[in-house]
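Structures incoming, each one as structure tokens.
You will see subunit A twice below: alongside subunit B first, and alongside subunit C after that.
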Partner chain A sequence: MENAKISAYQLFVLIVLFELGSAILVPLAIDAKQEAWLAILISTLGGLCLFWLYFRLYEYYPDRSPVEYIQALLGKIPGSIIVFAYILFCLYLSARVLRDFGEMLVTVAYPETPLFIINTIMIAAAAYAVRKGIETIARTGELLFVLFSFLFISAFFLISVAGIIDVSNLRPAFENGLTPVVKTAFTQTLYFPFGEVVAFAMIFPYVNNAKEAKKAGLLAVLVSGVTLALMMASNTSVLGIELVSRSLFPLLSTIQTIEVFDFIERLDVYFMLASVIGGFFKISLFFYIAVRALAILFNEQQPIRLAYPIGMVILVLSMMTASNFSEHLTEGIKSTLFTHLPFQVVFPFLLFLLAAVKHRRKKQAGADGRDSL
Partner chain B sequence: MVSFFHRKKRAKESQTRSGGPEKKKEQLLEVSLAANVDHIRQKTGHSQDIVIRMLKLGSRGEMRAAVVYVKGMVDSQTIYDFILESMMTNPSLHDKLTPEEAVQLLTEEAISIGGLQRQQRWEEVFTSVMAGNALILVDGIAEALAASTQGGERRTIQESTTNVAVRGSKEAFTESNETNIAMIRRIINDENLWTESMKIGRVTKTDVSIMYLKGIAKEEIVEEVRSRLKRIDIDAILESGYIEQLIEDKTLTTFPTVFHTERPDAVAGNLLEGRVAIFVNGTPFVLVVPALFIQFFQSVEDYYARFDIATAIRFLRIFIFFISLIGPAVYIAATTFHQEMIPTELAIIVAAQRESVPFPAFVEAIIMEVTFEILREAGIRMPKAIGSTVSIVGALVIGQAAVQAGIVSPAMVIVVSITAIASFATPSYAVAISARLIRFLFMFSAATFGFYGMILAFIMLILHLCSLRSFGVPYMSPMAPLIPAEVGDTIFRKPLWAFKRRPNQLVSNNQVRQADDQKPHPPVKDQKGGGRDA
Partner chain C sequence: MRKWLLFFLLMMSVTGLSGCWSKKELSELAIISAMGIDKNEEGKYVKTVQFVNPGNVSGGLQGGGGGQGPAVTVYTAEGDTVFEAHINSSAKVSRQLYHPHANLVVIGEELARTEGVNVLLDVFERNAEVRSTTKLIISRDMKAGDMMKMLTAIDHIPAEKVNNTLKITEKMRGENVVVSLQDFIKWSTAPGIEPILSGFRVEGNLAEANKQESVMQMDPAANLEANGIAVFKDEKLIDWYEGQTARGVVWILDRVKQAEIDLEWEGKKDAVVYQVMRQNTTIKADTKKDIPEITIHVRAEGAIREVTKPVKLDDPNIIAEIERAAEKEIKQQLQKTVERTQKNQSDIFGFGQAIYRQNAKKWKGLQENWNETYFPQVKVNIEVEAFVRRTGLRTNDHLSELEKKQSKGGE
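Moving on to the complex of A and B:
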């Protein structure tokens, strides 16, 4: 374990940046049509439950990392296999986010720059962050969070001032009833972005105040859920559902329509700034968590040395998983059930049950022991 | 080969022998005055400025004595009035005396000087003579009396040239440690203002003092400063910059992690916040640790002005810093990659100007920036009399000729000039100079990847800043890690009456800074509300 401590507020900041990171890019919960915002809110509730589950698991083993307690719960070898699968999952997600960003930048601003180069400098910056450690990442998060929230608040302000919101775009409500909304919430949005917080299990032990951390984490999930719902609602009301569902980056399209006083217009850089900051944190956190977990699993004393090799793995992975963007997107949607569901819900839940049973038995044994004395 | 190594080894040994005082056997003074005087003459190479004045004591002048001092380092008047004169005229010194009694008499009666020490070791003797003390040697006793007679020509207290403030004390530090320490004592009249002195530098033996407020400064930080200073083993300390570079937390950074100032009020303010000041003899720049990033954007005046004005000015400074950092980079990125972000009319103007320019924006910017850096450096080094020539030639080259020749576009001249002025407006030279360097990195990243490159460079800059520490205190605190109670004195400056506490990252105890309810109230009005003051 790295000898570092972060505060509950820093955890809050990291989770918000992490959740918003790549979710602001894509048309989230678009299968729910006009009720996308509602689907996001519903899945936020699910996200809160998931966060509670991950945190409860951490509370059983407050001074051990997930790598260690999974091994303790399942036994050395099965535990190690599960942990290794989780590391691969983190690397895959990191690579996915990297690909999302690379594609976004190529599409939006750099049509002539190779994707590989754009990804390379992003992963180089992330590797630099990973080498600096979680304390530095958290502090950087604090500073950039101010900029990030300023961008968000001013963007919402400008959207409402520009007079481009058309609430009728959100109607008709519940065209096909509540079923598609709930279905979208629990088959897509819950896993991306809310379930991805499972990676933060590696970060919890660094927080200096567990009680505060729980509150901060739940609040962070709630805040990011509401922000995303608000974002999706304004996207839909500005662009109309047809445009949103066809657009690759609806938030960008929304921001591009802003025009105030004939002077404040073409705010693409706004979108780029916010998304690069968010994406940077999402990539770096997955990257950092994978490096830490690998170091603990394979008993590497200097995890810092893993930063560049693992960075290269993520880079190559981001290029190789799909040959084009559509394939990448389809893969993302189709793979949810095979990757996200087990890693985010099934395994944590089973581990939680196991830990609860073990804990109770231990407690009982302790109580019995005391009785016999 | 063997002999070569042998010689090298021997050379090294002799070096340590002459330099390392603790390793050699302690050499003591001799009983005979002649031998001692000879030793001094020989050791100082018969230097002309070492004055050895022989005189006689005792009833028939049978006891010989000597006064030794360095011309120019001592206050001659003190030597004449309080040493030579009293030794020669004091009647009791001319009775029959043993050497021991004579020394006793000298210390207790004859010499009316504050600091007087008895010394036996040559090493101490030389150190005190070279520091400007007068040495009194008496025949027949292996001891010397060192009287503090430091004096000589020094620069007087003058106005600060590097930390100019419109409001506030006009005095600045001088080259003398004693004067500088006294200047702080004049501001803080408290017995808890402690100083510790040490000599650093094998050859220069420079006086270095640390100063802190006992009970306000955190003990660990004082101890850390002490141990880092003690660790220094170098031949010379010529300026506080030497100390700064030897006690930094991290050397591979362009950002200063030690604060330096010429203003006594700035040092006093920092001491009251629990920081430690390091005075180095021979320089008017006093070091203050631990330093935070935001400190370099603050000026003593911020606390003298009202809070709303001070806050506005601090915002302005941060803004200025950003301009000096990314000014040309934004221009490069916008004209090379993101033309669509420039409003149409402006884009047409810029494009028209750039039409005749044969270089890409990046090369154009580099040419202008380098030209400007040359002018700036020349302006500093030039003799004052011809300094104005540089500015005239510079203005012509940068402004007029380059544009007329079609080498650079007028828009670029504007960008570079604004950046240049911005870098002068940053209050701390140390931060301004690091912004100057990093600006080129930003220009490069803007030229290769536009805004995307700039954002990544910016994130990496923040990462780097967040990873720094100054004497264990995170460099970006109290913003990161966020300490809500202290944000009131960063980019903002809350009203003076609201400063209830000192920065707690630095302070161990005694956090309360002022009594409650310091907010000024208007005088209590008449019960009837007549509106007139009671």
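Moving on to the complex of A and C:
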């Protein structure tokens, strides 16, 4: 464990940046059509439950990292296997976000620059942040969050002032009933981005005030859910559902539609800045968590030394997972259930049950004057 | 030693900071202001690209050099696809083609009639350099390429002139609409609505219009003017609406900002001019019947701008009568537009969309052959509420004073 402390507010900032990081790039919950915003809100509720679950686990073991308590709960070897699987999961997600983000930059801004170069620059910055530790990442987050929220608030303001919103694009409501909405919420949106907060289990022990941390975390999930729902609602009402579902980066298209007073136009930079900031934190946090977990698992005394090698792994992984962007996206949607469901819901839930049972036993044992753990 | 190495590395990193992988120097760019697309006899796309000559754009304030040659230069290239034509034009231009400032795409009428517009648009939509707010127009009765070769007065860049004209005429007259690339695609792909575009035509002597002398005269040899709304069906241009019919479309789409309406008064035609300053139009569908009924509700507010015969404008009862007359006139105009459109079998008003949004289930049964089968049969009710709020600086006109004077003189 790194000897570091972050505040509850910093946790809030990190979770919001993390959740919005790559979710603002894509047409989120688009299978729910006009009700994408509703699907996002429904999955936000699920996200709150998941967060509560992850936090409850931490509350059972407030002074131990997940690596340690998983090993304690499942036994040394099975626990290590699960932890290692989680590390791979984090590395893969980090690489995915890196790829998303790099592809966006190549498509939108740097058509002649190879993806590899862009990803290298990003991962180098992330590796530097990881070497500096969670306190530095959190402080950077605090600083950039101001810019990030300014971008979001002013973008929403401009979209509404530009007179491009046509709310009737959100109709007809429930064309195919409620089923596709709920299905999208629980097969896609719940796992991306909400369930990914599972990685924060590694961050909770650093927060200096557990009670505040819980409040801040729940609030962060809620804020990001509402922001995302608002974003999809404005995308749909500005572009219409046909255009949103064909767009790789619908928010960008929405922002490009803004034309105010003939000179506030082509605000692509809004989107680029927001996604670079969000992308950086999502990549760095997954990266940091993987490095920390690896260090604890393999008893490495100087986890800093892992930053660059693991960075290389993420970089190569981001280039190798798919040969084109369509493949990358399809992989993301198809793999959701197979990888996300066990890592984000099933394992944490089983661990929670185990911990609860053990705890009760321990309590009873404590009452009997013995210590079983 | 370590210090020096660090210093050296720091200095080296400066070279990387400018981020010049995809650098584009201003002096190496050919800034595109407008593009035109036609098809030639061999079936190849002809793309006409209009570039800005930066040195010749500056107005009188700048003084000094430049201003001698035309503000724009035009190159033409052909290819089997729009993209190929675009790439081929690089053989004629000494600079790198630069799209982000392009603001206008002109499509030749012939091409729009035979092939439609949608098939041309993917290349623009896909390219991140092209603005999705780029405006689309149709060049009426002429090739887009010929229209691109016109010079314009006041706004030296023709694309600018076209866009500004469109915007102002949409606002003042309401007989044209500003349609961007994105709007057109949105309209084309949404269920229950068909797209429209504005047309431009050239008045005057086209042969003279590409010379600089043309715009140096007080009365330019030729002028570009917004003219008509192009109606599409099955992707192809089928009809032009002009004047009040065109305004009817803009009106029903709720995009009219101002409009002037001439009213008949006591037997004299065009006796009272009523200008709508503010209006709101809604389309409602009654989906209970087998074939849905559409209700168009218009609420207009405006003022009296001109009378050509004596009218007692200080009398509220007269004003109320004028309001009724205005309602009747607006209703008639819209009716004409609706009738013509139903005959054309192309739902440019989005009646189908209104039904779809009201009752998606009902729409499922109607959507097939909507334009041909159901749209022409739809019963359309038009309700108009018109209000005259004020009459300008005067109440009664001086014409009635004149009349009094004359009748006194006659005694």
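Throughout what follows, the second predicted complex is superposed on the first by the 369 of 373 C-alpha atoms of A that agree within 3 Å, B and C clash if a C-alpha of one lies under 4 Å from a C-alpha of the other, contacts with A are read in each partner's own complex, and residues count from 1 in each chain.
FYI, a contact is a pair of C-beta atoms (placed from the backbone, for glycine too) under 8 Å apart; a residue touches a chain by one contact, two chains touch by 3 or more.
Model, not experiment: these values are computed from the prediction.
Asker: Determine, for the superposed model, which of the two partners subunit B and subunit C contacts more residues of subunit A.
Answerer: Of the two chains, more subunit A residues are contacted by B.
Asker: Once the shared chain is lined up, is A:276 touching subunit B (first), subunit C (second), both, or neither of them?
Answerer: Once the two structures are laid over each other on A, A:276 reaches subunit B alone.
Asker: I'd like to know which partner A:128 touches here: subunit B for first, subunit C for second, both or neither.
Answerer: In the superposition, A:128 contacts subunit B only.
Asker: Could you look at A:112 and tell me whether it touches subunit B, subunit C, both or neither (first, second, both, neither)?
Answerer: A:112: touches subunit C, not subunit B.
Asker: One more residue to check, A:248. First (subunit B), second (subunit C), both or neither?
Answerer: neither
Asker: Could you look at A:7 and tell me whether it touches subunit B, subunit C, both or neither (first, second, both, neither)?
Answerer: Touch partner of A:7: subunit B, not subunit C.
Asker: Applying the document's definition of touch, where does A:317 land relative to subunit B and subunit C: first, second, both, or neither?
Answerer: neither
Asker: Figure out whether A:226 sits in contact with subunit B (first) or subunit C (second), or with both, or with neither.
Answerer: neither
Asker: Going by the contact rule set out at the top, does A:266 touch subunit B (first), subunit C (second), both, or neither?
Answerer: Both subunit B and subunit C are touched by A:266.
Asker: Let me check the overlay on chain A: which residues of subunit A are in contact with subunit B and also with subunit C?
Answerer: 109-110, 113, 265-266
Asker: For subunit C, which residues are in contact with subunit A within the complex?
Answerer: 21-22, 100, 128, 131-133, 182, 185-186, 189-190, 356-360, 363
Asker: Mind pulling up the subunit A residues that touch subunit B in the complex?
Answerer: By the definition above, subunit A touches subunit B via 7, 9-10, 105, 109-110, 113, 118, 121-122, 125, 128-129, 132-133, 136-140, 142-144, 263, 265-266, 268-269, 272-273, 276-277, 280.
Asker: Contact residues on subunit B for subunit A in the complex?
Answerer: Residue list for subunit B touching subunit A: 337-338, 340-341, 343, 449-453, 455-456, 459-460, 462-463, 466-467, 474, 476, 479-482.
Asker: Note which residues of subunit A are touching subunit C in the complex, please.
Answerer: Touching subunit C from subunit A are residues 107-113, 117, 168, 171-172, 175, 239-240, 242-243, 253, 256-257, 259, 265-266.
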